[in-house]
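First chain A sits with chain B, and in the next complex the same chain sits with chain C.
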Partner chain A sequence: MTSAVVYKVRHVRRHQYFSWAESQLKWQGKAWPTRRHTPYTKTPKSRRLHGKSSKLERTPVLPAGDTHSLKQLTSKTWHVYQVTPLNNFQHSAAALRKYSRHLSAALQAESHKGIGVDLESEIGDRAIFSIYKGLATSPDDPEAVELTIKAKGRSRVSARIICNAILCSVGSEHRDELAERLTMLPVLLVKGTAAVTRYVISWLQAQFDCHIRKMTFNPMALVWMVSMWAGISTGDKSKTVELLYTLPKAVEGLSRITLTIDATDAKTLWDSVHDEESVDFTADEVTAFIKALEAHFFHHFKIHLAALTLSRIGTPIVYIGSEGRLKILSEKAIHAVLQHITELVRDNFCRAS
Partner chain B sequence: MATPVVRRKSPSRQSSVGKTKPAEKSGSYSIKEAVRFFTSDSSNRKVRGNPALTLAIQEVEVTAKREGLSQKVIGQLVDVAASAKFPDSISSRLIKSLLPSDKIPQDAIVKAISWMCTNNPSNEIQSLLVRWVILTYDLLDDLDDLHALYGVLFHFIENDALCPHVCHLLYLLTRKEDVLAFRVQRLLSLQKRVGVQPYIIGLLSVYKMYRPHLVSLVTPPTQRVFFRQTDRLWSAEVHKAKERIQRRLDGPDSAMERLQSSVTDGRSRAKKKKLDVIPTVSTSLLSLDGSGDAGYQLTGAHHGRVPVQHIKSFDDLLKNMDRLELPSQIAAVLDSPYLQHALCCHTEQHVVQRLSFWLYQVLHQELLDYSSEGPNCRAEWLLQMLINFTDFLHEDVPVCENFLVKYLHTWNGSDYRPYILRLITRFRIYPFQKLNDLLLEPLRSLFFCSSVFFKCQVIYTLTELLRNYVSIELPRHADMVCFQAVKEASAIQAGDTVLPQNQLSVFDVHVDNFQALHTIQELTEYVDRISTLALLIEKDHVLLMHYVLEFFELVSCLHLRYGVPFVYVPSSGSFYRALFSSNAMVCSRLCKIICNYKDEFQALKKMVSIEDSDSLFTSNMRDGIQLLNQYILDLSNALWRNKAFLSGNKTKVFDIPVTALQTTGVKHINEAFSIHLHMAMLPFANSFLEQTQPEGKKVHPSLIRSSERDAYLEFLKRERLDGVVAFINTFIKRNQTTPHKSQAAS
Partner chain C sequence: MAFTSHSKLPELNTATILLVGMQGIGKHRLAGALLELNTSYSLQVRTATHLPLPAENSESRPRIDFVVFLLDANNNMSISKTVASAKELDVSYFLGRACFVVLNATSESLHCTDMSNITGLCDAHDSPMLCGSLQDENQRKCLARKLLCQTEVSSGFKHAVSPMLIQATKHTYEFMEPL
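Our next item is the complex of A and B:
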């Protein structure tokens, strides 16, 4: 403790004749209390690897007709939002019909305000809420809800889908007691124009008293994800593991560095750091994996990647950007990815007391 | 108009003009006299060197600004101002102070326009009159008569000086039937003469709105300002008058506006827009229409619940408290004191959870994720609302606490400092180790590397935190532990009985059963420790000393004032630094604190003899008494008995070998810290001697003999050094040759 040292020195110099620091003596040897309680949740030491555990078996077996619905989640770029629990949300068909009607009416009223004059900011006129089956995996998960917004468009013949949103919770573990009227659907995936997205979000916030905020992934979260999923190969040769680093603005002439690794090479590296028996992926394994990549890169280019900001990752199963964009490539990985995101979002919520 | 003064039949008129007695309040000049001066024909109308005129005009102006003028007075003054009886400078001042207390009578306006037709008043006065009508347009009692003069007014557009204002007035007055082809023609020909002017365009655009076929004019699509406000001060005065009238009309109900969050003022709405973190009060149709597919229902008819919007007065709120439907976005309560009352009556779990989730997310978004430069006024607004809310509840919002803990770890010590420190003072009580990790540790690291002012703020914050603990949190903690025990017991006995509602806290927080008193003890010790170090680092900065003393002033009366069975005597580090301070304020307050401790210990001893407390407490007290006696002895030896360094006393601080003392070369070293020679006291001794000794005599503090000490003490008391006097009166038995060694407790 520097301050204590300073104190001692000055004390001796200024008051060398006095011996009145007796009661200070009881403090002199005593350091300030050390920290035992961490104030906020840290990244866990390890995370369950989806697919390695029994969790996969809990994934509901879908009726044949529904499989296409999961397919529509893949190969699209979604914006990820985090949503605090919805107040008074009901899953019944009647309630969903009512929400559809209300939102449609609100959208129509909004478009008559004259804001949506040009086609770009068209916000649609028909909203449909429906249950999205097959996403919930744990018994604590409420069924996911899909929201589709259609616009008639100019042709007035066929309605186009201009916004697609999915509220879901995948594999969440029962943590805190949630009030009866609240529904935890913490992840919102949206694909749509900015205007309609904004409007839908503000409508949801007002109607269900929730707070919706863009989900961002910090470099630490990205490192975890790329390390966990780099070794999951889909067998497609063209799919690679990719890390995109951005450089500080002060660096001129170079804005980003993309590190691309062949999926099979990544798999080899991954296998060498990861204990095959274990169902968990540990923090040490993450460090080892990423250190290996950085060392390799430094060997060739003499650049310390650790000093740069990781802003996007790509694996054979998913692409995720730090600003909350998500593209799932493999249908099998949907649950793994969404479960992980659900976990991250719920880490962001404070324990509601 | 032949007669300038329209004789009205109101009986009070004569009394006010002719025969009013001087104002009831003797010595004050009333508005009636001022009006009489202006209306009387015999008044002296010179401007210079005319005190009567000055007095009258000032009275009118002051009254107008303070409470406004009555209808009658306005009528009379319009005549005076418009008749050009007085010079223009006086007339224009009169016109500018024609602010009503209630409404402006239409007659006055009609009179003003009549005067304008006589061409008596100059152009400037005419234009002022028109501007006055425009500014006070909303305050007119009726418009029909004025509107009847539309044609007359229209003629004034030919006057170039008046034209802009007249156009504005016509713009306000125009009705559909006024839009006639010839008027359009006149305006267009005027436009041809003076060029395209915004005020003419403005008037034409109104005409076009009523009769599009008459005006083929392309107005720019963007809303333009047609009429400029020329006199900001004047319009500000009129605005104030309007507010004053509005307030009186609204009466007590205007406070309900805050409940409704309806802001009428344009400016504050714009401000609100900028600060719209907190949602407005609204009731969701969905939540009312809870019956599934039944379609839209009339709001309010549902389940007997009353939505907030239907509450119009405080009585309504009280009557419907149990059936109140809280706003659909619960966070709206933060903005409304009334709804906070309502919230306290509806502490269902989902309400509290909604608020908690929202608060945490928004705080995170506005404070932690806010990246742009400069302060975020939305965050400041939010924090202020939160502070008001916690002040209202007398407890902290748990999520806010969680957030604060997280925020403190990245806090730079300057962003939102007043708000953050204020919120810290509301912290809940925790075991000290936890409190240290969550709160004190981050504060400490900032404390030791910041300026003395920050140190003062932190010491103050911790003082307030301690005050919060002893006055609110400690009793609540005890009650909560008790309540939880009862709840558990009853839950075991009968699983399904309705549990008693938690009356102690809005938030359902589970508290650990720990010795809360230990937290207080360790916190006190901790503050003592950091203040001692801070005093060393800052070289006994007097402001810091003030806050440290304030802390000990609180600690020294914890038992007597707050009923906390606990005492902590300051460490010798702080004590002796204060004793040898060069500031008399510090010495005096230190003495007072020691006196407090004596009372405290006496009260505690009484309590201990009655009920046996735990051993820690008694040992704690024994140590405290020992230390306190030591202090008392040192203080009285140094201040009064001139025995500071006498070897027989064996005190801590003055135990210095005689040889060492001799090397200092100070004569009469034992007296060096007495009440007349102490560094802090010297100026007082000096001014005392200057008062008592003959003038011109060379004075030295040693002139204050023991016989004069009483007079000197009196003098110190007059100089507000009560602490020193109280100390000597408490601990020194006077009128004895050897002062009795007095101690607080054996």
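Our next item is the complex of A and C:
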């Protein structure tokens, strides 16, 4: 009697979760049921594509003559860090002046400590916090903040910039309410020497009670990005789509394989994979795109790229390395790229909490 | 003809494990660790890169008591191959005679797929998932011991405990919210 009932219940449950899982995720044409208790969250089934008719809430308004300021983001290699919400951060001019003063004082004190000991690790003596306009796209985004650190060389009269950092949040939708005093600027781009970067990060952590960690992109994230952006051509013939695979250590004599595809070819493949009407790029499309490339490569070289580790990608608009290095090539793509990174960081936070 | 868990008679005082995993994943290292363990019966380890096993030599092959699927979370190909191989295994093995071993589950910065895909794979086959590493000897030994524990049950060396019993006690037969 009992066993009959039990059987029925199990039967119903299976049926329910299979149909549910089917709607939840598809992987290689197969739907898996999901476990309830795992520390992992899954990547969304599709991601927004910036471009044609993106869900960009408002186009950033740039004051006239300020267009060059966004340009300084491009064609430079940035290190990407993820930042937890900043406590007690204010955007007012007075507050920014105060932060500049504090950090300058801290830097001067620090550099006096190391005088004559370590000449290489110069950490500068003047910090300037300023609002970086034109990055925030959604009404929920706080304005981006730029931090410049200048150093007066021993012999030189004019100060030179030794570190540049930008704290930003692009196109984030507030899924959960933040407390009053917290400011969400989850992406930190840094360009500077190791010593000054380390010092500035530790200062920010102490000052705003946040945690800053190097952002890494796993092969899954890289595959997503290369598939999403491979089809966005900038019209420049010299820009190619590039995938850099590293080989396991056991393989001797060969450390990496670079697969370079002409931008126009990549665009043709991308168009055949991606549904033109859709503003989203789905997981299935990602799989199809990357499978096609791997099949092509295997046809010519008899190497299974799927068995290797993807460690860097290049598209006409951006270069991204797994260890958190970023180089944006096109000014138009800045928002798309930073929005995607903002989303990834927020996913990471959900994972951790 | 695919092999099943009951198509052959067991040999006396012998347990046979089949390790299935792509080339270079470390099947032989794990096999070495398994064989180093002291057992009161003779332990055989067989390896295969994928299922189904070839038809030739199928006569001389001993009965397989336990099947271990090795997959690497950092390697897309090993995952897709495991998915394909698991489909080929006879369903009688998924009643407590098979398990999945996930390598590199902790190095999330190198993951090629969502962990939910891997846990989903194990759940769909209703088989246990072990996470482990083959890098250093202690971890190998630890993993080998866990596998041996399950093998002993499935080959009948644990008195009065059958794989079906383990399988049956895995679930709490209660009303649960749908997954």
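We take it that the second predicted complex is superposed on the first by the 299 of 353 C-alpha atoms of A that agree within 3 Å, B and C clash if a C-alpha of one lies under 4 Å from a C-alpha of the other, contacts with A are read in each partner's own complex, and residues count from 1 in each chain.
One rule holds in what follows: a residue touches a chain if its C-beta (ideal position, glycine included) is under 8 Å from a C-beta of that chain, and two chains touch if they have at least 3 such contacts.
Model, not experiment: these values are computed from the prediction.
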Q. When the two structures are overlaid on chain A, which partner does A:Ser238 contact: first (chain B), second (chain C), both, or neither?
A. neither
(Q) Contacts for A:Pro85 in the overlay, against chain B (first) and chain C (second): which applies, first, second, both or neither? (A) first
Q.
By the touch definition at the top of the document, which applies to A:Gln205: first (chain B), second (chain C), both, or neither?
A. first
Q. Just chain B (first), just chain C (second), both, or neither: which does A:Met220 touch?
A. second
(Q) Under the stated touch criterion, which partner chain does A:Ala306 make contact with: chain B (first), chain C (second), both, or neither? (A) second
Q: Overlap the chain B and chain C contact sets on chain A and report the shared residues.
A: 6, 10, 17, 20-21, 27, 32-33, 35-36, 38, 40, 216
Q: Note which residues of chain C are touching chain A in the complex, please.
A: 22, 24, 74-78, 80, 83, 108-117, 119-121, 123-124, 171, 173, 175-176, 178-179
Q. Once bound in the complex, which stretches of chain A touch chain C?
A. 6, 9-10, 13, 16-17, 20-21, 25, 27-28, 30, 32-36, 38, 40-43, 216, 218-220, 223, 248, 250, 304, 306-307, 309-310, 322
Q.
Please output the residues of chain B touching chain A within their complex, sorted ascending.
A. 279, 282, 284-287, 289-290, 292-293, 328-331, 348-350, 352-354, 356-358, 360-362, 364-365, 369, 398-399, 402-403, 405-406, 408-409, 432-434, 436-438, 441, 444, 448, 507-509, 529, 532-533, 536-537, 571-573, 576, 627, 652-653, 655-656, 660
Q: Could you please specify the touching residues of chain A with respect to chain B in the complex?
A: 2-4, 6-7, 10-11, 17-24, 27, 32-33, 35-40, 84-85, 87-88, 92, 94-95, 97-99, 102, 177-182, 205-211, 213, 216, 348-353
